[in-house]
Every structure is written in structure tokens, then in C-alpha cells.
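Worksheet: the structure to be examined is printed underneath.
Letters A, B, C, D and E mark the chains in the order given here, with residues in each chain numbered from 1 onward.
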């Protein structure tokens, strides 16, 4: 069973618990140990500080690492603070970037259409998958974001275990929501998900370094679901999503 | 006198002295209360057989202290013998002085402290000292808004430093700070509790009486913030002897208020 | 033992004794659990070759203590030898006495969750009668130890009742350093591994700081799943003997099974 | 005057304080003392622990007891949890359960149509009243949204704080399906003003036993400055009418 | 020399004061002279802090015959006869030459939705009267978008924005022509310059937030801004004069 990590983080954190494997080589060691062949990685500087510089720093850091592919953080281009749609398309095309990560709450901008129309319009047009942590648009905001941009494929990560009563209705109502399995740990979580929805809406990720990769792979390997479903989750679905990108 | 029949028969509390130690008049900025002027209060008091009430002017706590106390003075003048006043100090205005309100009988019978609304000033803050000295000299009751445990402790601290004034712990006897209120009542004999609260389970007044003794519990309703009929009904239907109910309703208040 | 080979073929571990010290039955009000009744807990344990799990009832901690403990008793009866029981007291009820439950076969310890019971500190005198019973019988007591205040309160109980075996649930997640330091000073304190999401190398840090003998496998099953915690321990960079101690040998001694 | 209480919790709850009523006997004693004839009751375990099991415990606790009208706590059917709407209606019919109580904040689910549309349509179709306490709603805007999203469902909101008047009156004016539980409606002259402006039909007597005070609730109606007919409507008339309209 | 009109000033005795603050009308007038602030739109401390009805009336008394103060009343949707109805409120404003109104949804606990303040806002739209409200203390920036969209014909002046809100303000300014921003504590680095560059100086209104805000800081913020003199004049007094000029009571 081979895995492809849809979302992990590189870069020196401001604070971390003792033993956290944040250095890139430590991450690569764990990936090898967990049979993870490749990963989409975003940079902490882009996520916590200056978005454009962080994205460029990421490209430089993973230039010599074939397993790692870039995932850019993005926000609306208010006051020309970030690239506008066409400039973003060219930059992504040039650097082989095929996914974006947004963080409306942390970046203090509104997720509603009046603020994100341009960015989400670009993502819909080029079929670029958009990632965000569940904490960035929890509860009813998750429905609103999936409903406001029906043609954008959203992948939520860092979900933990307390969201099923909020997640279920949105999965029913919106076909464009995918779930990162990183720490989706409700009891028999993947088994119930596949029973009521379908395995093709689950995308394996680890949330390294804050999340545990060994736990993430065990979640899929030991899940009470069929082999084909495990393959789809492990790498099939993300490969399909990345295949659809038209830059 | 069977208090329970009063409730069933929907009859006012006649034949028993009822004095409300915790009242408010005036506009409430944060939310619309029912009628909150002196006259409408007396209308409800007549309906329910309440003989008197001691009030403070809410906007005076939140805003201009002198205008607040003057409003209370006017209301007491218009409704003598039924509406009495608490003078309210302000910790920020150095020129604040309550003595003129007590030089002659203008209806003022005590002092009201609400540190929480006034910039969360601690209730035993030195800037309130002038009001405590006045109350101590004239042996007046001082009603504290004391909802939180630390507010109850501060009120008790004032009672310990000014033995001649009587401290009334507002709300504290029935909120989750009630253990602190019980400790204060037991430790100092000039500390009392009132029954003013919007919602407390049945049996909570009986618990308070059992812990601090009936002499320490005074009827207070927080009227015009909310109605008094539910607190009166709760007292009437409580599992207490009639003599206990009469003490709570007014006899205790008579001892510490100059009525 | 080639742990990797088991995991990546999705095969449960064979030939080692696995005992889960931190399990639950019963629903939890704020969010939906997967299967939370005894049958689904047993089904997962059997599927994953787990030899035994000690469960407490979530409703006993957050709702009706008697109804919850009855629920545990029913689960223990339904799966003798697989599901064992923790009894849980409630500090607010004077008539609350869990000794009848501790006398039942299959009940092997006490679970305390002060946070769910009106955030009462675990060293509150109202819990002392329960600790006296646990101290007499030398029973393990599993604490919910998430914050440093909870860890220190649990340590206080460990000092007062040296004959009990205190297990710090969630290894003091946000207060791990306090938990590790406390575990070093008292020899009747153990750490469990029940954490929903912590980074890799966390297991290595536990073993490095307090030694594998004081770490026990706990999964918080049915609150969330157990398969990711098992994988995390299996793929941790610690010796096989340490893994076997954590998975079940320590627990066997603790619960004298 | 006959009182029927619209909100009473049976069963052992987690946190209690000394002297608070807990057992059914203590609750019945208070009901007798306050001359409350019957009470709509839900179970503590259904709120604090396992919803389905709590509803079953309620059936056991109220077996052959005419003083209590059964009320179930409901949850959405996400991921197959709780019962489907059809199973719920069947269960209510078989066990003569006539109303539903919901705890959206405590149990953590959305009230928006995308999540509860099907459930609320069934409530409207069968004219089942839905009971909730005000603190289970995020804000008055959330209350207004719920009332306007489901105009044909009767909502009874109790434990309305006296501080919320300016937010509630416009909603009362615009949403006829909004009813107030009077248990803790302690605004000075509140019941009287409500009758004047919106009519006594909008108010349902409840106590919130055992944590709410039955004596206070009863006095709020007995001593209110309103007519005898209005008092009886509030004390029992409105609730009886609403429960009689339920079609299961 | 640049002359200013302050769009956000509070008169009257306040409960919480600090020594040295401009706590009296004279102290405020002195500061206005020192900062070349010709006139100030004022509302009363009592209307905001403790007793709205009395505060609005006290303002009339304290500003009688004083042309340096432009009167502003705090609005309250009235139910159960608590305060004047919307129609009476506007008649009284006409009678007392009050030319703008302020909303206090959080302080006075009422909803901003049409079902609550719809009548008041319709009348404000009819009279072309600008409506003032503070960000931060009374509503969030995200909610200000909803307010602008709910009442598109009413000019809304949002004060107390602070320096953190640029990413939220940008899209709203693009989509809501009736959104005006008070400059009092809009101290983002190059904030005024960028705003004029992207959204035009016509939508910036000079205000100070006296007595709790600093007038000297507010005037310097405009005086030293890297913008043309015409833009400075518009912000300092031009825009507010236009808004108040349109009022037809």
C-alpha cells in the first residue's frame, strides 16, 4: 500500500513541543517509514506571516526534493497584497503549483463572495483544489463556503473527531466537499463515512509535523473497508483531483 | 395567616409588614425593562400589599452620579413613606459627596454600591471610603451588588472595617457564591443577605435560612429590573414557618432600616 | 517482529498481548461517536486482536452516575474476559457508593473525570471515600489529566493514597512536562497514550523520560478510534520489548490479570 | 386555576446542589404544593447522556403515570445517528409522545434548512410543537432565522432572559409561530404587557423544574394583572390546544 | 490653513473619567481651538452610557445657541411605547435641528435587521440623513457589509475602525458606495494614502472620538498624510459638509 500525502507543512515553527519532527529531513524520514511516496507541502512563513515570500521560499526549499510538491497559501488581492487571478495562474503554471490553501480566520478576511469572488472564480475555472483547516470555517460556515462556490473542490484538513453532526449535512448538500483523513479519528470513522457517502470523497493527508503520520497511515490501513477503497483514499482521489487541474 | 392561600387566591399580602430592600427606578440602557418609574412601582406594591421599597436610580450608577441621586430624591419626595432611597457614590469623580442627601430626611435610608458597572471597581476600593464613613457614622445599611464570590468577600471586608454599618449582600446568597455569603454572615453580625434573583430553584431560600438563620435574610426583589410577584410567591410557598416568612418579608428590615 | 509488514497489509498484530487501559461505552452529548455500545467496542477489539479493554461509561461521568455504571456492568457481563469495567463516582450525590460495582467480577478500577462533573478538582474531599476503597484494594485509578492543574491534583491523590496505581489519562496532553516530572517523583503514577492527535516522536519522548515500564497503552476507544494509536506505537522508534511492555505487559501487572 | 407545566426534567442529572429537588417524588411534592396538575416531561439522560436511551428511560419512568405528558429529545439523523424521521414519528405514535425538545447548542448541530429541512417539514406536517430554551440558540438573529426558516412549526422558547426584551419584541411581531415559556419571564409587568400587545395565546406556562422554581412560575401568572380567561389560557389552555392539534 | 469638522465627539458628564482627560465642554472647546476644528458633530454621554431619552434632551440644552456644535441623537427602536416612535423621533429631530443619528445596537441590545430598525432607516433614507455607528464596539466589520446592503440608500459613517481591518474593509468599500469611514483611529501605516489611492478621498470623514480619542493625533493623521491638498480638504470638512448639506428634514 503506497500513500500520497495531500497536505503537510515545512518550515521552522515559532513554538513546538519537544521532539516534534519539524525539520525537512525528519519529515522525509517519517514519510519513508510510513510508505508515503510524495506530499503536497505548504510553508509556515506563507501560512503565519508573509504569504507571497513564504510561497517563493517554499519553491527554493523543495527544488531538490522530488517527493515534495508545492502547495501555495492564498488570500484575496486587497490592496494588491497578493497576486490577482491571471498573475496567479501564470506563476502557478510556471512553478508546477496545482493546489491552494486558504485561511480566512487566521488571515482576517471574509470568506463570503463579496470578498473572495476573484480568487474562487480562478480556482473554479482552472479546477484547482482549495485546502483549509476545519477551524478556518467551522460549523455553518463550512456549508456557506461550499455552497457559495459550488464549482471549487474544497478539502478540509485537521478535522479531529467532534464534527460529524456538522459534516454530514454539508456532505449531503454539497458535492464539492472532500475530507482530509489526517486526524479524522471518530470510532470507525472511515468505515461509517464510506457506508453513508463514498470513499472517493476521502483524501489521505498527515498534517505533518503537528499531526502524526504513523497514526494517519494506520487509520487507513486498519480501517474496516475494502482494499479498493483504501487505495482510492491513499492516493487515488488526490491523483484524480490533481489530474483535473487546467492551468 | 396561611401564606399559601394568598397565592392560590391571588390576594395581596395584607396584615403583614412587607419592605423590599432591593429596588431600582429609571431607564435601563442595556435592555428594555417594564415600567420603571416610582409611580408604576407603587401601583404594583399596592396590588401586592408591599408597604415600602428602597430604590437606587439605575442611570445614576452608570452615568452622572449627582443627577442620579437627585432623581431618587425627587421620587422619594413625590411618594413619601412608600419609596425610600439609596444614595449611590461614584469612585471616579473626586468631588462626589453624599452627605447633603442625609442632612435632613429626604427619604434616603442607605447607600448602594455597584462596583461592577462602575468600571469593575473593587467594592472595597478606597475611593468608596467616604460613603462607608458616612454610613458608619449614621449606622446606615449598605446594599452591595455581590453576584460573584470575590464581590461577596469584598463586601464582607467592608463589614469588618466598619462595624457600625450593616452590609446587605445583594444576590450573593442565592448565586453560586452562596457559600461565601454564608461564611460572611456567620463571621460578622453586621452582614445580611437578600432574596433578589431572577431565577433560583425552589428550596434555595430554605437552604439560606437554614445556614445563616432567618434574622439574616431580607426580602429584596430587584423590582423594575424584574417583577416582584415571583419572589413574593416563592417566599409564600416556601417550606418555612409563618413567623420566619414575616421576619424575612419585613421585620428584619425594620431592625436595620430607620422606617 | 516486523511491525511495518502487519500495518501496511492491514493485518492486526499477532503474537503479542494487547490490553487497552482507557476505553469508553455510552454516548457523549456534544458530538456523535461511531459505535458506542459494547457490541461495537467488542467488534473492533476482536478485529484488531485486542485481548482486553477496560471501559468506563461516558453517561456515568456526564449524566446519571447510577445508570452509567449499570451500563458498564451490562457490557462486562456481555463480554467477560474481553471488556473489563471502571466504576465512576459522582461527587454531588451523598448516597453515591461505587463499592457494589467494584465487588462485581470484571470491575478492576475507578475512573474519575472531574472536568465533566462541574469541573470539580479530582483531589476534592468528596472523592475521598472512593479513593479509600481503591487504596484498600490497591486498585488502579484512571484520571482525565489534560491540563496541568488536573495533573497536579492527580499527583496529590497519588501521594495521599500510595497503595493505588494512578494512571494519568492523555498523558497530561497540554501539561506533558508536568506529567512526566510527576511520574518520575511518584512510583505509583503511570502515563497512558490516549491522545487523538499528537505529533510523531511523542511516544519516544514518553519512553525516554519515564521509561517504558511506566507507559501503558490506552486508546480512549469509542470516544475515538484505537487503530491510529496502535499504529503510532507500532511505528515508533523504540525497541520491540518496549512496545510489548506498553501494549500489554505493563497493564497485566497493573490490573493483576 | 388548572396549571399544566410545559417544561419538567425527570431523572438524575449530573450536577446538583444541596437542597435542590432531584427525585420524582420531590418534583411531585412541589407540583402538589403549587397545584400543578400535569407536566410535559423529558429525561435528564436524553439531555446530558445518551439521547435515545434517555428517551427510553422516560417511557419507563412515566409508565402508567397520568401526571406526566411524554416529550422526547430529538437529534438529526446524520451518519445514521438517532432515529430517522419516519422511525421517530412511529415511536412517538406508539408511545403517545406528543412533543419534541431540541438542544442545538448542547448537542452541537446546525438549525439551518440544509441540515434540518426534512425534519422540520415533518414537524410542520404533523403539527408537532418544538420546545427549546433560549440559551440553546446562538443569538436573537439565530432565533429569528429559525422562526422564519420554518414558519409552519410552532416553537416554544423558554428561559427568555429579562435582558432580551428589545430583541424579542420585533421577533414576536413578525413571527406568529414564536411562543414564550413564562417560567422565568420575570420582566416587571411582563405578562401583562405581552397580553396587551400580542395576546395571551403566545404564552405557555412552564416551570423548568427541578432547576427552575415552580413557586415563582405559578406566582408570575396568579399575580399578573390580567383577566381570568387570559390566566387560564396561559396556565393550561394554550398548551392543551397545541397538544390536541398534534396529528400522529 | 486646513479647517476641520469633527464627525464624532461626545459631550456631557461621563461615569468613568481619568484625571487630565478633557472631561468638560470647555476642555473640549480648548482642544478644538488648538487643532483648528471649527465645528463638531456631538452626541450626549448620557444617551450613550446610561439613559438614552434623557441624554438626547440634555444635548439640546447643553448646545443651545452654540454654533460650534452640530447636534446628533442616538436612536432606539421603540416597542411597548418605551421611547418615541420612528415618526415622532424624526419630527422631534426636525424641531431641535438635529441633523444626524447614531445607532447603538450592542449597548442598547437591539437587532440591526429591517424587522427591528426598518422604519427608522426608511425615514433616514427619505431625509438623506447620514447614520453613524462605531465598528468594534457596536458591530463587526463583516456585519457592516450586511448593514450597507440592507439599507443601500442610507449613508453610513463607521467610526472607530482601528488599524487591523484593511483586508475586511477593502472588499466592502468596493461593493458598498454608501460606506464612509471615520479617520479618527484609522492609523494603519499609510492608511489614508492607500485608501485615497484605491477608493477615493470622498469616502473618508475626519473624526476624533473626543474625549476618549485624541484630537491632536487625528488632525496630524490628515495633515501629514501623503495626499493632495484637495483630498485633505475633502476629508477634513468637504465630505461631511456634503452629507449634512443633503439632509432634508
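As a convention for this text, a residue touches a chain if its C-beta (ideal position, glycine included) is under 8 Å from a C-beta of that chain, and two chains touch if they have at least 3 such contacts.
Note that this is a predicted model, so its numbers are computed, not measured.
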Task: Contact-graph separation of chain C and chain E, given in steps at minimum - done: 2
Open item on the list: Can you give me the shortest step count from chain A to chain B, moving only between touching chains?
Closed with: 2
Open item on the list: Can you identify the chain nearest the overall CA centroid, using each chain's own CA centroid?
Closed with: D
TODO: Name the chain pair with more contacting C-beta pairs, choosing from D-E and B-E.
DONE: B-E
Task: Most remote chain, CA-based centroid, reference being chain C - done: E
Task: Longest centre-to-centre distance from chain B, chain (CA-based) - done: A
Open item on the list: Taking the mean of the CA coordinates per chain, how far is chain A from chain C in Å?
Closed with: 33
Open item on the list: Quick check: how many Å separate the C-alpha centres of chain A and chain D?
Closed with: 43
TODO: Could you grab the centroid distance between chain B and chain C? Build each centroid from C-alpha atoms only and quote it in angstrom.
DONE: 51
Open item on the list: Two or more other chains touching the same residue: where does that happen in chain D?
Closed with: 17, 78-79, 81, 107-108, 163-166, 169, 193
- [ ] Provide the list of chain B residues touching at least two other chains, using ranges where the numbers run on.
- [x] 30-32
TODO: Mind pulling the residue numbers of chain C that touch at least two other chains?
DONE: 30-32, 36
Open item on the list: Applying that definition of touch, give me each pair of chains that meets it.
Closed with: A-C, A-D, A-E, B-D, B-E, C-D, D-E
Open item on the list: Help me check something: in the complex, which residues belonging to chain A touch chain D?
Closed with: 139-140, 143, 147, 162, 164-170, 172-173, 192-193, 195-196
Open item on the list: Touching residues of chain D toward chain E in the complex: what are they?
Closed with: 140-141, 144, 163-167, 169-171, 173-174, 193, 197
Open item on the list: Can you tell me which positions in chain C touch chain D when the two form their complex?
Closed with: 26-27, 29-32, 36, 58-59, 62-68, 90, 92-93, 116-118
TODO: Would you mind writing out the residues of chain E in touch with chain B in their complex?
DONE: 12-18, 45-46, 49-54, 79-80, 82, 107-109
Task: Residue numbers on chain B that touch chain D, as the complex places them - done: 4, 7-8, 10, 30-36, 40, 44, 47-48, 198-204, 206-207, 210, 223-234, 236-238
